[in-house]
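Same chain, two partners: subunit A is paired with subunit B first, then with subunit C.
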Partner chain A sequence: MSANTAMATKYRNSFLKEVEEQVEMGDWVKMCMQCGVCAGSCPVNFQSAWEHPPQEIFMMIRAGKREEVLTSPSMWNCTSCYNCIVRCPRKLPITHIMHGLAEYAHRLGIAPKMQPTRFFSGLFWKNATKTGRVNELKLSMGLYFKDGFGAGVKEGMKMKDVALGLIKAKRLNPMELLGGHKCKDQKGIQAMLKKAYEIERSRKAAKMAG
Partner chain B sequence: MAKREYAFYPGCSSQKGASASNYLTSVESMCKTLDVKLTEIPDWNCCGASIGYAEAGELPRHVMNARNFALSEQHLPGQEMVATCAACWLGARETRERLTHSDTLMADTREALKEAGLQINEMPEIRHMVEVLIEDLGFDEMAKHVVRPLEGVKIAGYVGCQTNRPFGVAGESFENPMYLDKLVDMVGAEAIPEYDMKVTCCGGALAFSEPEKAQAQIKDIIESAYDHGAEMIVTPCPLCQANVEIYQGQINQRYGTKFNIPVLYYSQLMVVAYGGSAKDAALNGQVIKARKLEEIAAKPVKR
Partner chain C sequence: MADIKVAAYICKGCGLGERLDTDALVKVAQKDGKVPLVKSHDFLCNADGVAMIRNDVANEGVTHIMIGACSRRAKTEAFFFPENAVARANLREGVIWIRPDTEEARETTQDMAEDYIRMGCAEVKAMTAPGGNPNTGSNKTLLVVGGGVTGMTAAVEASKAGYPVVLVEKSSALGGWGARLFKRIPIHEPFKSPADTGVADLVSQVMGDSNIKVYLNATIAKTEGAPGRFVVDVATESGATHTEDIGAILQATGFTLYDMNKLPELGAGKSPNVVDQAGLEALASEAAAKDGVIRRPSDGQPVTSVVFVQCAGQRDTTGTHLSYCSGYCCNTSVKQAMYFKDANPSVETVVVYTDLRTPGNGEDFYRSAQEKGVIFTKGKVSQVLPSGNTSTVKFHDLILDDTDATIADVDLVVLATGQVPNSGVNIEALAKPQVAGEEGEAPAEGEAVEVKPISILNLTYRQGPDVPQLTQGFTDSHFICFPYETRRTGIYTAGPVRRPMDMAQAREDATGAALKAIQALENAELGRAAHPRSGDLSFPKVRLEGCTQCKRCTVECPFGAIDEDEKRFPVFNESRCRRCGTCMGACPVRVISFENYSVNTVGAQIKAVDIPDEFSEKPRILILACENDAYPALDMAGMNHNEYSAFVRIIPIRCLGSVNTIWVTDALNAGYDGVMMMGCKSGEQYQCHFVKGSELGRVRMSKIDDTLKTLNLESERVRDLEVAITDIKRVPEMINKYAEELVAIGPSPFKGF
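Moving on to the complex of A and B:
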């Protein structure tokens, strides 16, 4: 049984309960009063990118629309501008709930596969935690080459002028490809993160069992 | 001995050859004038930034920031931790807040840190450089060092998101913060307090992953600066700076605009106003050259 099926079975009576127990800050969802200030404050909504703005997502969670919420590209459009957080009259940590829902859908393996920000988000975290510090060049290259070599070269050509401008200003170093900045205690960082994932997994499992 | 000392968290983008290396150079020059001593936290790591959320989860993200707290406490006990990057400041502050309010999260964090041989007893206060400037030094103290006012330059203060929300600078509103405008006035330039895109999001990480959405935002931010007669844009955030500066060529292609406006850090303006050279202010790090500022930086200082 996949992780997704296991969760869907366990929480079959209440998707809201599932979100409250398994999603970061999910216990805030029930506090939403559907005023829509978040939707009106979201910069990405202005560019008509949201399939569902936050207050719609919150109502869908209460209505048990599990599949529609978790497979939606909406959460992945968050730019982390925190406008929704500071304007919400009920003080819901909306940005964190959006990130939490996205992370949960990603963890279950049902988030939209081709969503570019989902890809970039995972790439960023791996890039940053591998050596303890971000390697900006490898991060950009990883993004451009996500659809293979041919597409990567084409993407790279589109970005040529931007990259050359940065290299000339000494704000992009081609040598970063060969190594680059890193922490000294990488071993410690890996061990510490491994432990953190273990603890987090067992806490979520305990909630599910409890 | 320096007048003020802080544990310094420069962040990934400030490293040599990285996208905000010019920020660091100018901050170092600025702090020298202001007698502020920044000691880099040994072996600091990435804050995880907001965009790491897909894989970060909750605890791993906080553990990353907690490692910096532990290193800061161990090597620079009693010092407040200062970040220059908006995302580093926000990430660290968020972790500090969560750990303060949850004993479970704190206990779990301590257990994970043990694996790296580290511990937290007392978390340092987390400050952004602009907080240090405004709250610890104050505008009067900062103004004393101005020896070369940036007269006749009109500058749009672009505050952006993450130094402004969700925490922000004490006493400022989320919708219309004024500190950057005050800072522009302080260095002798002309501020544009009514600049209506000052807290609009630049698109953040979406500038990489979904450029068409971010560039629509950036276009509005730049257009409004031009509409208000700005010759330059100034910001406190490394990602705002990069996003608003480096994609102007692509935006011009996409929208048929003719944008070519320099985007600077507050620290660069201050260094020039404090009598520093173009090199001290890292003006050579601009992709779109700030010619007018370079000309001022070449002038003799008024002592």
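Moving on to the complex of A and C:
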């Protein structure tokens, strides 16, 4: 049984309870009074990708629309500008809840796979933890080729002048493509990450178990 | 009157001396005003100036005083001569402050001042000093009708203030709706949980107060008289009638819940598991007496899920149900949801609302409910479908715009149905068929108005047995300016009969109304008017010899003060009168007057104005300005130095309703070029201090066009304007615009006749 079905079975018809227990800051969801100030304050508001503003996400949680919420790309669009937190009259930590929901959907494995934010987050994490240093060249190349080879080449050509400029200004080293710079204590970094993963895994497992 | 002696005093202070030729004003008063004693003073309102006037009253036998200084609304304490007739010529706010201080304007400004002196002298001669209504009663007992929270609070408050109270309650116990509540919405910090109702305490306070006499199972069989001398028959269950002498009445007859059986689409009447808020209170009280578990009525199983339907039969736009918001039901549902959550947090509680309105400290209470896990869903319930022991609630989710949102397997549905006032008979609805009947027409079928059959006060008043209603059956009162006043002097309403409200508001209301009632009975004893002319000693006097029994005064009096005797002559109950003068304005034969305000006092002023001939290019505009709103607005325009035309002559009137058409025709006949009438807003959103005064005045004035036609005058010569007290800028603009328009129309053809 997948983590998703396990959780769905566990909380049967109380998605709000599931969010309260599983999602970081999820216990705040019930305090929303549907004023809509968050939606009005959000800079992402007018982009088509933004399907549900936070207010709606909260209402959907209360209405038990589990599938719709967790597979929604909406919370992935949050830019963490914190406007909503500043303005919320009920002092809900909306930004954190959005990230909490995104993280939970990711943990359950049902978050939209190719959602750019999610894709980039994964890419960044892999890139940074591999050597302990961010390889910017590989990171941006990875993002360019997200939607296939053709699209990647096209995007790369579009950014050609910028790249050349960066190389001239010595802000970009093409040699990075061949491995790149690394953190000195590779083993130490990996050991540290391993420990962190372990702690997180056990904490989440405990949370999901109950 | 032979033995009157008039004196005129002209002030030179506040710049009057510099801007005006006061010596000329003195001469005008002597020559045109025919006043034997005229004095000017450098600073009339100071101790020396006032002493001069007092000295003349004491030693020179002065009975009538004309003061040419500031507005009659200023320096009222200095110029306080209750024994004398006093008129004030408004030279400061009305002349120098609204005119530019320039050489060109000097002549017209002086003309204006001289006219006001003439008007003041003419007015004061037509006046006598008001002596106070002799027909008073001195009873100090307060009758409280209704033994609910409002009534009991009013009784306790009045008793604490030292006034005996008679409390009449229709049912067999005190407490009303309050006693039927399990708990109440909290009124103290931290506003987090339902609180004890406190009704039992209040009942014992009332029962233990020797100053409060309680009649249970009793109704009011008859109320007659006037403030200070009401005689009330209290009918008890046994059939006996007790007569009580009463000073003032406070009606706290509360509300009835809107009948939920009118809402079958919300499942009402289809299942015992659909209840109204009172039904839930009963279930909660029942549960509290046992194990604290609220059970569903159909099979006695514990309730595990409950849905609260807000605005059930309220805020209805289709005209079928209540159109208004009752204001308390959101807080009540919050409270009732807590009954469940406090006992067992696992009970599912959903409140479906369209706009959650939580007055007072309800916002904290609402937040507390959210913390406790009550779910609030913004939506409009379309259907409740009971089936077996559960129901399905269908609603339109207004956030997600889901028209087919559903909550299934609900054990209990609570409908928030709202308050319908117990205000007795709608006397205006009653009056209609009567009038139709008199004219020999049967009321058309289906037109018959729904009349609540039971009168509460059973007043013997000519205008009907209960207090008039404003809208939706709620008793008439001005929401902001004078909330407790009804259109029956000495009778106050408080609580949900006045407007929908919760218990905290009702208690506040009761206290306010009790104090107003006390004020009314104290004023009644002294023969003085109540709000808004409180303290006024004048009262309507009628020359019955001239009366034609036309009944206009008895029908039009906004306060039902005038009854009719067997011969159909009007009987003025002065203590019920508010001194608006609507009767005076209505009287076609002009036999009604006040000592200091009459057809003559205003008429004499109109005639006293000097009308220059048509070639002088000095038109004259008469302004009749309501003293409550328009006149203060004009005064304030003066204080702000908002200039207006020097051709207007302003006469303050008590109310637009007191305007007798003779003033208008007299003015036009005398050669005035135009007449402006400034009264308060009328209609449902009225601002008239006498409620119906400005409306009645306007109805009367709407017929002035015929008069103008017979005089062969343009209808633009008379203008009716709605003026509010805040129109400080607008009023001067309106005046100036009208003055320009009149120039275009040309001078009145009646000049010089």
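Just so it is clear, the second predicted complex is superposed on the first by the 202 of 210 C-alpha atoms of A that agree within 3 Å, B and C clash if a C-alpha of one lies under 4 Å from a C-alpha of the other, contacts with A are read in each partner's own complex, and residues count from 1 in each chain.
Quick note on the criterion: a residue touches a chain if its C-beta (ideal position, glycine included) is under 8 Å from a C-beta of that chain, and two chains touch if they have at least 3 such contacts.
Everything numeric here is computed off the predicted structure, so don't read it as measured data.
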Checklist entry - On subunit A, do subunit B and subunit C fit together or clash when superposed? => result fit
Next on the checklist: Just to be sure I read the superposition right, which of the two partners does A:T71 touch: subunit B = first, subunit C = second, or both, or neither?
Outcome noted: neither
Checklist entry - Which of the two partners, first being subunit B and second being subunit C, lies in contact with A:T5: first, second, both, or neither? => result neither
Checklist entry - Regarding the shared-chain residue A:P43, is it in contact with subunit B (first), subunit C (second), both, or neither? => result first
Checklist entry - When the two structures are overlaid on chain A, which partner does A:D161 contact: first (subunit B), second (subunit C), both, or neither? => result first
Next on the checklist: With both complexes superposed on chain A, which partner does A:T79 reach: first (subunit B), second (subunit C), both or neither?
Outcome noted: first
Next on the checklist: In the combined three-chain superposition, what is the angle centred on subunit A between subunit B and subunit C, taking C-alpha centres, to the nearest 10 degrees?
Outcome noted: 90
Checklist entry - Of the two partner chains, subunit B (first) and subunit C (second), which one does A:N173 touch, if any: first, second, both, or neither? => result first
Next on the checklist: On the A-aligned overlay, A:H181 touches which partner chain: subunit B = first, subunit C = second, or both, or neither?
Outcome noted: first
Item to check | Touched partner set for A:A196, first subunit B, second subunit C, both or neither | outcome: first
Checklist entry - On subunit A, which partner's contacts cover more residues, subunit B's or subunit C's? => result B
Next on the checklist: One more residue to check, A:M60. First (subunit B), second (subunit C), both or neither?
Outcome noted: second
Next on the checklist: How many Å separate the nearest C-alpha atoms of subunit B and subunit C in the overlaid structures?
Outcome noted: 22
Item to check | Footprint overlap on subunit A, comparing subunit B with subunit C | outcome: none
Item to check | subunit A-facing residues of subunit B, complex | outcome: 12-13, 15-22, 43-46, 48-60, 63-64, 67, 108-109, 111-118, 161-162, 165-166, 168, 174, 200-201, 203-206, 208-210, 213-214, 216-217, 242, 246-247, 249-250, 284-287
Checklist outcome for this item: Residue set of subunit A touching subunit C in the complex reads 16, 30-31, 33-34, 55-56, 59-60, 62-63, 65, 90
Item to check | Touch list for subunit A against partner subunit B, complex | outcome: 24, 43-44, 47, 49, 77, 79-83, 85-87, 95, 99-100, 102-103, 106-107, 111, 116-122, 124-126, 128-129, 132-134, 136, 139-140, 143, 161-162, 165-166, 168-173, 175-176, 181, 183-185, 188-189, 191-197, 199-200, 203
Next on the checklist: Residue numbers of subunit C touching subunit A in their complex, please.
Outcome noted: 356, 366-367, 370-371, 373, 375-378, 397, 399-400, 402, 405
